[in-house]
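Working notes, structure below.
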Amino acid sequence: MSAQAPGGEMVLRVENLVLEYPLPRQSLFAPAPRHRALDGVSLQVARGESLAVVGESGSGKSSLARAVLALEQPGAGRVELMGQDVFALSPGALRGLRRHAQMVFQDPYGSLDPRRKVGWIVAEPLDALESGVGAAARQARIAEVLVSVGLKARDAEKFPHEFSGGQRQRIAIARALITHPALIIADEPVSALDVSVQAQVLNLFMDLRERLGLSYLFISHDLAVVRHVADRVAVMRHGQIVEEGAVEQVFREPQHPYTRKLLAAVPRVGHPRQAVAGATTAP
Amino acid sequence: MKKLVASPLASAALAAGLALGLVAPALVTPALAAKDSLTLAMPLEPPHLDPTAGAAAAIDEVVYANIFEGLTRIDSSGAVKPALAESWTVSGDGLTYTFKLQSGVTFHDGSGFDSADVKFSFDRAMAEDSVNAQKGLFDSIAAVEVPDAGTVVVTLKQPAGNLLFNLGWGDAVIVAPETAAENKNNPVGTGPFVFGRWVKGDRVEMVRNENYWGEPAKLAKATIKIIPDPAAATAAMLAGDIDAYANFPAPEAMAQFEADPRFKVVIGSTEGETILAINNTRGPLSDIRVRRALAHAVDRQAVIDGAMFGYGTPIGTHFAPHHPAYVDLTGSYPYDPEKAKALLAEAGHGDGLTLSLKLPPPSYARRGGEIIAAQLAQVGVEAKISQVEWPGWLEQVFKGTDYDLTIVSHTEPMDIGIYGRDTYYFNYQDADFKALMTKLNTTVDETARYGLLGDAQKKLSADSVNVFLFQLAKHGVWNKDVVGLWENSPVQANDLTAVYWN
Amino acid sequence: MAVFFLQRLTTLFITLLVASLLVFLVMEVLPGDPAAVILGVNAREDTLAALRAEMGLDRSAWERYFLWLGGLLTGDLGRSYTYGVTVWELVAERIGLSLPLALMAIVLSTVMAIPLGVLAAARRNKASDVGVMGFTQLGIAIPNFWFAILLILLFAVHWQILPAGGFAGWDAGFWPALKTLLLPAVALALPQAAILARVTRSSVLETLGEDYVRTARAKGLTRRAALWRHAVRNALIPVVTIMGLQFSFLLAGTIIIENVFYLPGLGRLIFQAIAQRDLIVVKDLVILLAASVVVVNFLVDLLYAVLDPRLRGGGHAL
Amino acid sequence: MLSEARAVSLREFWLRGRGQANLMIGLAVTLLLIAVAVLSLVWTPYPINAIDIPAKLQPPSAAHWLGTDQFGRDVLSRIMAGARNSIAVSLVAVGIGAGLGVPLGALAAARRGWVEEVVMRFNDFTFAFPALLSAVMITSLFGPGAINAIIAIGIFNIPVFARLTRGAALSLWQRDFVLAARVAGRGRTRITLDHILPNIASLLIVQMTIQFALAILAEAGLSYLGLGTQPPDPSWGKMLNEAQTLMFLAPQLAIFPGLAIMATVLGLNLLGDGLRDLLDPRLRRLR
Amino acid sequence: MTLLSLQDLSVVLDTPEGPATVLDRVSFDLAAGESLGIVGESGCGKSMTALAVMGLLPDAARCTGRIDFEGRDLLALDEQALCALRGRCIAMVFQEPMTALNPVKSIGYQVAEGLRWHLGLGRGEAAARAVKLLDRVGLPQPRFSPDLYPHQLSGGQRQRVVIAMALACDPALLIADEPTTALDVTSQAEILALIAEVTAASGMALMLITHDLAVVWQNTAAMLVMYAGAVAERGTTAEVFARMAHPYTRGLLAASPGALGDILPAGRRLATIPGQVPDPQDRPTGCVFAARCARAAADCLPRPPAERVLAPGHAVACLHPHEEETVL
């Protein structure tokens, strides 16, 4: 089923990206030590392709997402979005490019402004990036994206606190869709959700990709989730990609010891059980 | 003393609890004050203690007659008495005064007193770089000679009727050359009290001068405490912290102390002519009709009752009522709002007039100002009040004459001469009056002087230079057992030499 | 950690330097000629000029500024125009009152406020909490000079057990001097205690909700033990900040209380100095106060590091 | 933009607010104060400055509910007029404080870097001076009067709001919905207006009521020292100062202005507490 | 001998929006040395159960039923008695290691505190025992000195400190409420291994609370599935996994992407459970899962289903349970 990369144009190309954060200075004379979050990362996402980036906390996967969207200034390396070098653009040109790449965040309760109505939230990218959109057209676009994520048009009048975690994440996705982007960067979109709700949102991601031909940069620490959503997977550790390849390939014959350690650590039903003492318990 | 109330928390809660039920002060036996020491309070703290280097009345109120003495001394009735000068003779033409000095007088630091000290003091005051606030007192002196240790001969340029009085001022006290420079903080004089200690902002302590040349002081120790705040002063008096307050800053508290048998209230008079000063050259105020209208618009008695709670004697001109030469001119401008309106209309201000009224800090000014503003409003004159601190008043009103009306009390004794000055903040220039003043200065004979003073008073009232309100009263409050404090204050002083407990 | 304080020190100096410049400029613009104030109404122009020369007022503004700044650094604060004594001497006397008064007020307010605040937080919404909250609301609302008047009326005039005001001076013995400071200290302490109690209460409530307090309870500690051993210690940080601010206020913000109790403190000295245009004293005092406030804040920062190890840095054990 | 957030909360405000004692009492007292002040513009039992010396220092009576002062003026009328003065001075002073403080704080949080440094240094600087002392300097510099009192108190509200706004804004800038707005291409200023300010509005409202109460106390303090509103306009602080010397003759003169100040400040603080609980549920458990 | 036995434990919380039933007649037993996994999604009441046993429910909670621990009903005990029990006989490990430790106290102090509180040990002796405990949970000296502060440790290491604190007084029962949810997958594996090893070595009973079926499969002998405050299914882990009877349990397994590992080819849609967990304020009368259950029938609605024993060691609260084997 997974849509094969049509070998068409690259939606995203990242070439040995380096990003550092200054740490508090330990001594007056030595310059402040710096934490190297991205240490020469290169990857690319073709149109319609879903690339997952998996790694533990502190591996730099979130920094990658921010750098790609020019929210952070990298030390070195290039990011090419829709063929244009993001960091070489003027602020105006960069704004024009943003239409093509939007982001979905992890915490459903943190990614929606509690003081704004859902309609306004979803339309914010539209209002910011496309000019000359009439009120009626705007209303229609809002309704369109809300329905496309399984919500109702009249939900636009409600406030975020009137929705469950799963529904809020759908609203966040609707916001990301409104400018018809080519690439969606999802930073741990389902980690904060319960299993049953998580399944609904994952299915939504897969439906949208098929229907709208979206390409994903899907960031997660959960290998199981990655299996479902991604065509290719890149394993990150300490700011570097240690292994990359087709999902089946990497999951079946992990090359890098770290990948193997990750896969082994995931508890799986049916596999040998922990040496656990204990007889049956009466009901 | 009763036991201290438990913890601060309890007292705070108690105080808050009792806040609403204000309890009238019950009769409580006063703390037994030591019999030979006295704590006197006064409102303003002296900037320093050298009367020859500052004009602040507070300096004289501490040191005059107590620590420092001049050749002559002014007593409680305002008369000139001998002091360091035992006796003096005046030449026929009134130009040379020969003073015979007291013998056996020493300064507090033990150094001897003789005519050289007198010459030093006068030369210092008259010197080019002198910082003596009343340098004018010595204008008429041509030279000071000391033929011998016990005599001083002063020759004048022209006769000066009030020389003896002037030499009785605080600014003319005799200081020793060796200690003159340090007198600001460690005053060394010849008086009956020796300077003890000065806790800045709180009190000045002095002790009896055991080897005083004259009759020794009856008090062994005297403390002068500085309590400006009227309520604090009332509380201190009631709580027995102080034994006497020479001139209580709050006339409204008098009723309180009169009702309390522990205290004696003595209302005297001062040299303070309280006036509504007018800038005689400023716009409409240059028109005498407007000035007379103002005089008619002000109800003096209401101002006295309202501002000073009835203490104070109305005056019609710039002269102290207790002085023999006083002429009662209060009748020249009776309270008559209608007449005031008529005069204003006649002067072309029928539809009203707006004037600035600048008020210095004292309560007679701040309260009097509000009452007068209300009274002027009745006749269509809007007085815009602005309260200023003394430096601001000196800068804007006194030096800059940038004012329409102001209220101030001139507390220097016998200061009617200020109306004859070339530059003075009233901007009143009148040749006749100036002539009167020069004539006064040169006449020595008493009755002639009184006649001239009377003419001067009538002139000021006729020209309605200012609206003359009332003579500032002296609100003396002291423990009933204290005897010897001055009833009036003809000069700014708290003479403790004759004070004792009976 | 040292870096943290060196940065704070530099900002401290910059703030003081700017403060000194601003105060000097303000004093230049202040209307009123000090010489006229001293020599009074009848002084003549020549004597005024002589006095101004003596006081060095005739030199250029910049010259005087740097002279003054130099004096500040070398400790020579110059002589007061009105009192004729060095400013140090003047200030030393007044600090002898203002500092103990501020300390007494802070101690009184803290001793009252912190236990009340913790009590109110521990028993949230119960009678004692509502009572404490009521008391603090009242404490903040009462203007402290009104409260002072009532205190005088009650304790000095009616019961005559405490002096109505004035300061006996430390040489008159420790207890008599302390007695004169008791009422002013209570008048100052009440509003500060009210504010401090409220801050303590909300801070303790905040920490009571933290996970580590629940962990302590899970370890078997009683509510009281968990409160005092874990919650209160963490709650102290915001409380210390407020106490720092309060102490700097108490140093010279007490002009009104000093007025009501006629205490010769720093507040009244400044107020009189401004009224008498004793510019040297005003400038020196304002700078001394600004310095003391900045130093107090610096000490509060030091206390943070003591209270909260996270600020002490120290490497990770990774 | 901003109105949307507010519209809903007003309806919600009344629904949830009704039950809270703090809020209701606070609101009642504050509205009473405003009503009295507005009424005093039009009507007072006696003309505010009418001096009647013979009738001075009368205790409360049927004619004069709260008695007369040392000049025979009706105390009730002057207290009503005093309310007008207190509100005016405090409102404008807090207005200045918030008007300048909030943008400064928001700017510091948005721009960071040297802008933040400058704003914070200005804050430290103004905190370095005890408020009252500087008010005394300002009023003695430019002369006493209500205007200068307003400026003096206003200046000292600026750092309070700047510091509060900066703190709250800094934590909001880390929130995902702000990052989302940046991803959507919104600029710093637009984000501050659309997201930052609406979300700290409730915090600011609460702080305003508290600062309003403090401003009233400060104004009373200044006019007690004679540096605030000038006579003959009445002000509670000045009335208290004048009453102090008559404490033993007419004690009630000192009580009523003190009570008026206390009631107003109490009302405002209760209103502030009530608003805090209502508008900021997160703080609710801190009651 | 049954160490812990819950009989019809119900908990109702007073909220501003009205009373909310958070636990509805929960009953189960746990023998000494046994391990029981409680699995369910958030809001199903699994943490409430743990807090009820510890007696740390919020003040606004009202409990009915019994919680027998070593024969004594904990609900009947006063605060004093409960304090003696907590940490001494029943210990707990929480979910958020980053905030579970007091930031201003050293880890040595916090581990030793339980010893000094319950066993009255002196400062020195308690400190020594604390060091041994730290070593026991994999934080050897000198690298992990007791003088370190929590902010100097990683999430996994802090959780180890919390475990050391729990073991301090050698309790009979250890409750671990989602101990690894906030950790990385590698740290999760290590911590779960540590808990298993420690409980087995000292014969401690373990109550492990998680939302991850695979964690239960791997770590506990018996298990309990909870939904909306009630027990849906329970039994030995092997029995339950072999033949999942309750439709919710099956739905949960199908929705867990990781659980079935290799079977599902990438990209195939996950089976989802429609709808949402009902609001505790307005619980339906009948079976609480009925609204979302494909097998729901008329008889499911009037009364909550009674529990039926399908086999020794396997019971379910459902009128139309699945019969067929689970496809693992």
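Order as written gives the chain letters A, B, C, D and E; numbering starts at 1 within each chain.
In the analysis below, a contact is a pair of C-beta atoms (placed from the backbone, for glycine too) under 8 Å apart; a residue touches a chain by one contact, two chains touch by 3 or more.
Computed from a predicted model, the values in this text were never measured in an experiment.
Of all chains, the one whose CA centroid is most distant from that of chain D is E. Judged by contacting C-beta pairs, the busier of the interfaces B-C and B-D is B-C. Inter-chain spacing, taken between the CA centroids of chain D and chain E, is 52 Å.
Chain A and chain B have Cα centroids separated by 88 Å. Our note on geometry: chain A versus chain E, Cα centroid distance of 31 Å, whole angstroms. Taking each chain's centre as the mean of its C-alpha atoms, chain A lies 48 Å from chain D. Chain C has residues 138, 142, 149, 153, 157, 259-260, 275 in contact with two or more other chains. Among the residues of chain E, none is in touch with two or more other chains. Residues of chain D in contact with two or more other chains: 140, 244, 247-248, 251.
Touching chain C in their complex are the following residues of chain E: 54, 56, 79-80, 83-88, 91-92, 94, 96, 99-105, 113-114, 117-118, 143-144, 148-149, 151-154, 157, 162, 165, 168.
For chain B in complex with chain D, the residues that touch the partner chain are 20, 22, 25, 229-231, 234, 238, 250, 252-253, 255-256, 302, 305-306, 361, 363, 366-367, 369-371, 373-375, 385-389, 392.
Residues 1-2, 56-57, 164, 166, 194-200, 202-203, 206, 221-225, 227-228, 230-231, 247-248, 261-262, 264-271, 273-283 of chain A are the ones touching chain E in the complex. Here chain A touches chain D in the complex through residues 66, 69, 71, 94-95, 98, 102-103, 105-107, 110-117, 120-121, 124-125, 128-129, 159, 172, 175, going by the rule given at the top. Of all residues in chain C, those touching chain B in their complex are 31-34, 36-44, 46-47, 50-51, 54, 82-85, 90, 93-94, 108, 112, 138, 142, 147, 149-167, 169, 179, 182, 185-186, 189-190, 259-262, 264, 268-269, 272, 275-277.
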